[in-house]
Amino acid sequence: MLKLQNITYAYDQEPILKGIGFSVNEGEILGILGLSGSGKTTLLKIISGLLVPDEGEYLIENQPAFIKQKKSDKVASELGVVFQQFNLFPHLSVLDNLVMPLRLRTKKPKSECIATAVELLDVLGLKDQIAKFPYQCSGGQQQRIAIARALVLNPKILLIDEPTSSLDKENTKKVEELLKSLHGRGLTLIIITHDLPFAQAMCQRVIELSEGRVVFDGLAESYFNA
Amino acid sequence: MLKLQNITYAYDQEPILKGIGFSVNEGEILGILGLSGSGKTTLLKIISGLLVPDEGEYLIENQPAFIKQKKSDKVASELGVVFQQFNLFPHLSVLDNLVMPLRLRTKKPKSECIATAVELLDVLGLKDQIAKFPYQCSGGQQQRIAIARALVLNPKILLIDEPTSSLDKENTKKVEELLKSLHGRGLTLIIITHDLPFAQAMCQRVIELSEGRVVFDGLAESYFNA
Amino acid sequence: MEYWLEILPPIAQGFKTSLTVYLLTMALALPLGLVLGLLADMVKPARPIIGVFTWIIRGTPLLLQLYVTMYAIPLLIPMRMDRFFAGTVTFVINYAAYFAEIFRSGLAIIPLGQWQAGQVLGLKKREIIFNIILPQMFRNTLLPLINEAITLVKDTSLLAAIAIGEMLRNAKEIVGKDLRVDALVIAGIFYLLFSFMVVSVGKRLEKTYLKQM
Amino acid sequence: MEYWLEILPPIAQGFKTSLTVYLLTMALALPLGLVLGLLADMVKPARPIIGVFTWIIRGTPLLLQLYVTMYAIPLLIPMRMDRFFAGTVTFVINYAAYFAEIFRSGLAIIPLGQWQAGQVLGLKKREIIFNIILPQMFRNTLLPLINEAITLVKDTSLLAAIAIGEMLRNAKEIVGKDLRVDALVIAGIFYLLFSFMVVSVGKRLEKTYLKQM
Amino acid sequence: AANTTKDTSLSDLEKAGKLVVGYTEYPPMGFTEDGTVTGFDIEIAKEVAERLGVDVEFQIIDWDAKVLELNSGNIDVIWNGLTITEDRAKEILFSKPYFDNRIVILTLGSSTVDAISELGGLKVGVEIQSSGQAALEGNAVFSSLDEMVKYTTITEAILDLQAGGIDAIVADEIFARYAVSKNPEGYRVADEVFNSENYGIGFRLEDKALRDKVDEILDEMSEDGTGSAISVEWFGEDLLLR
């Protein structure tokens, strides 16, 4: 489904990714692990089309993801992304953070969009927060809102950066169950995380980044048993 | 050292803390646990003097922490705080995020302050990032910068909100060791976390919040073995 | 009092003229300035061109610009210039330059993450701008915009320079004729009420946009 | 050309006057506006008072304010008002009101977390303001401030109303005398150069302050 | 108020030792040339001050603020082609008329307008509240004009005349003659003129003693020939009115 080959990226001359290659198959759950600063978030921004790689090839469903430095429409329409810093819309209520993109993307009537959004927020234990603004929510609530916002559009592939960093055990479980059920319905998942128990519970395959290179790429089982 | 009695707090009529009471002894490591949204961060803001409780008493070294709704000087001079969202200074380099408060508080010569800051950043594996600005740092790097900024002032008590949320195992270890060594030199610690292994490794005593009340207050051992 | 009633009509007539130019200028200069501000923020090659434009327009007095449109252009392209049209066009261009810089400022301080969040949600550029960027930009720029909106109230008096009978000129005319300053007092009250309305609209917008977030 | 050299000295002389008032106004109105903006942002009871002040000052024309300082005050308190002093004081108060609103805007959008971070580091209010808040506020307000700074260049021409020999008046005098517009062209060039300097300073500050963060 | 308090204007002036004359840029009555103030009014005023035994200081003023300047004491007299009108006399104490100014039609050199009646159907410019405006409004031709366009300054009227925005200007003769003298090809003055008007020196309402003294000096100057000499120097003929 996704295929990256020899991708390099540098921030102002400082090389971060030094030739990354791997592929993601449809319906897979891939974990991306690595130390803080190893380039996981940078890689996520490349996969989601926000950064253009300096070199290398990136194919999405066998077509180039970047055509003349501009990302193809496919990238945005098939991918959902949860950012490490959430990037919620501060001027919109929690509900509108979901409803606004949903309405624009699906053109469905407002009431229908609201119903979809409320349902999803409820699953993540956020029913009481829908009228609040992001700044009025706790850290873990914000994280779940960000997850809900990415999922409400029903992406084919979900990229998610540290999804459980601010979550307690119980909420982690909720997220885990939600993602697994969506995976059961065909969602492909790419999860960046340092939460090893969570990774072990979720991922089928794992790659590990270190100093800008892939140092492990294989089954989760063999990674965690090594 | 700190003593809270029957503290209540509400955001616009929505009661969050409903009568919190506990005390912190000198040299203790106290963990505050609880579900997302249970009021941990709110409690931290009260302890650090940023929110004035609606009711209840809060004593710091046997003196009221708030005098006529205004926090006493003691609060700021003895406490160090790491926020859940870091609140780094975006206009200052990583180094200056530490040096600026250090110079203002200690009035020591600049070179000395820089040396102190660089040393601490080095311990946290941030030596290569000192010239960057916060937005140029990865999530885990930002978290460590925030920890460093609170520690550089040598507080007597450190309040720290989810200190390992964005950290991998290796960096969590670094933070753990640093905090333990400072504790050995007399630092009192209040740690809000949902990272149970980390809590177990660090804390002597634990309190658990649920729906605005303290539902557990006792030794860490008995909490984790329950 | 009787005297006031007597001099009110020409002042009110002038006020109507001033108000018309005011509303036209706001209605046209705001969107024009917004487009320029967005271009300067988003389209690298457009930046220096807009930079020169805003420099020249802001760098020369509005009065001089009115002279140029009204008295110099007809010398180059033989034509009879309509006073009202010339005045309005000049005001729109002048204010668009100031608005453009304010909008550019308001855009520059929106975190990159907001654009990125819109992009990964698959929103079109236009949708991102209207639903994510502009609401946050208005918050950042509201008070400076009110400043300019108030300045415009008073700048309408410059229309007199191209012989348009705006309020202040009509009032001054009465003062010159009757040698009583009542007309200026009335004009002053009109200006103050007008600017008070602008400030009130601003305060109401402030409540919606300037709240914490 | 010879004619230009002949009319240059009075224009340059006027420019010197305009420049002096300009520099004095900037040097005094910026800090005054800053204090007002900070008070309005931080001290709740001060807000309505400052609100009324900025409304009245911004709501009435600068020209009228010059008349009041120069001609009305001496009628109440018998004194000979120094023209230059009256002009400068009026300009400072007027611009402080505009600056105050811009600063208030720039302060309102700084996240609360920045204040809180300063507070828990045990910094004094003054230290927080100077080291954390103001640098971020300048970033938020730089371009609107440049707008006002450019407007001030041209507003100095209002000094003519209280008979101060600023540049534009001197130029107009020459036009009236010689019935040739050369003097206005020269004045226009002076204004353009002056505002270009202001814009350049702005661009330089932009590089330091308006970068991503 | 002037009757109840004693008029000390003359002695005050002698005490101050100088006469402050308010003027605007209005060539050739008063204007700046090569950095010094000169003109017909200015030269007369210098002579008057000399005979008063005081120094003279010329203070340029904004014409809109002339009464304010006078009443606030910044200047002692307005002396710059100030037309005597009934309305103004309520605010200003006038000297006897000293100059006769006629109102004329100024056009581009290419125009053929020569009579007032020919203004019918044309756009005519005036300076707002000037004697030109009053003269035009008072004339029968006013109702047949295409439009009377009012400018804040006469300079703008000249600019618009050149730009083709208007066809003629009605203004003071001295200004019109001055414009023609600057550019004899470019402008011309129509033969037929409107009524004439008189210039006077403006004093504060209570300064009667000073006004009377100045009038007395002007009479002297007229008799001994100094006045006419100055007039001839500026206008080529004796226009000083007594």
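Observations on the structure shown:
For clarity, chains are labelled A, B, C, D and E in written order, and residue numbers in each chain start from 1.
Following the convention adopted for this analysis, a residue touches a chain if its C-beta (ideal position, glycine included) is under 8 Å from a C-beta of that chain, and two chains touch if they have at least 3 such contacts.
Quick caveat: nothing in here was measured; it's all calculated off a predicted structure.
The chains in contact with chain C and with chain D alike are E.
Counted as hops between touching chains, the shortest connection from chain A to chain E is 2. Summed over C-beta pairs in contact, the chain pair with the top total is C-D.
When chain centres are set by their Cα atoms, the one at the greatest distance from chain A is E. The geometric centre of chain A is 29 Å away from that of chain B, both derived from CA atoms. For this pair, chain B with chain C, the centres built from the Cα atoms lie 49 Å apart.
Distance between chain A and chain C, defined via averaged C-alpha coordinates, is recorded as 45 Å. Distance from the chain C centre to the chain E centre is 38 Å, each centre being the mean of its Cα atoms.
Within chain C, residues 67, 139, 212 each touch two or more of the remaining chains. Residues of chain A in contact with at least two other chains: 85.
Residue positions of chain E touching 2 or more other chains: 64, 159. Chains touching one another form the pairs A-B, A-C, B-D, C-D, C-E, D-E. Residues 55-56, 58-64, 67, 98, 101-102, 104-105, 108-109, 112, 139-144, 146-148, 150-151, 153-154, 157, 168, 184, 188, 191-192, 195-196, 199, 210, 212 of chain C are the ones that touch chain D when the two sit in their complex.
Interface of chain E with chain D (complex): residues 25-27, 31-33, 35, 59-62, 64-65, 68-69, 71-74, 153-155, 158-159, 179, 182-183.
Contacts from chain E toward chain C in the complex involve residues 64, 67, 87-88, 90-91, 125, 128-129, 149-152, 156, 159-160, 162-165. Chain contact summary for the complex, chain C toward chain A: residues 111, 113-114, 116-123, 127, 131-132, 135-136, 139, 212-213. By the touch criterion given at the top, residues 11, 33-37, 40-41, 84-85, 125, 129, 136, 138-141, 144, 161-162, 165-171, 194, 196 of chain B touch chain A in their complex.
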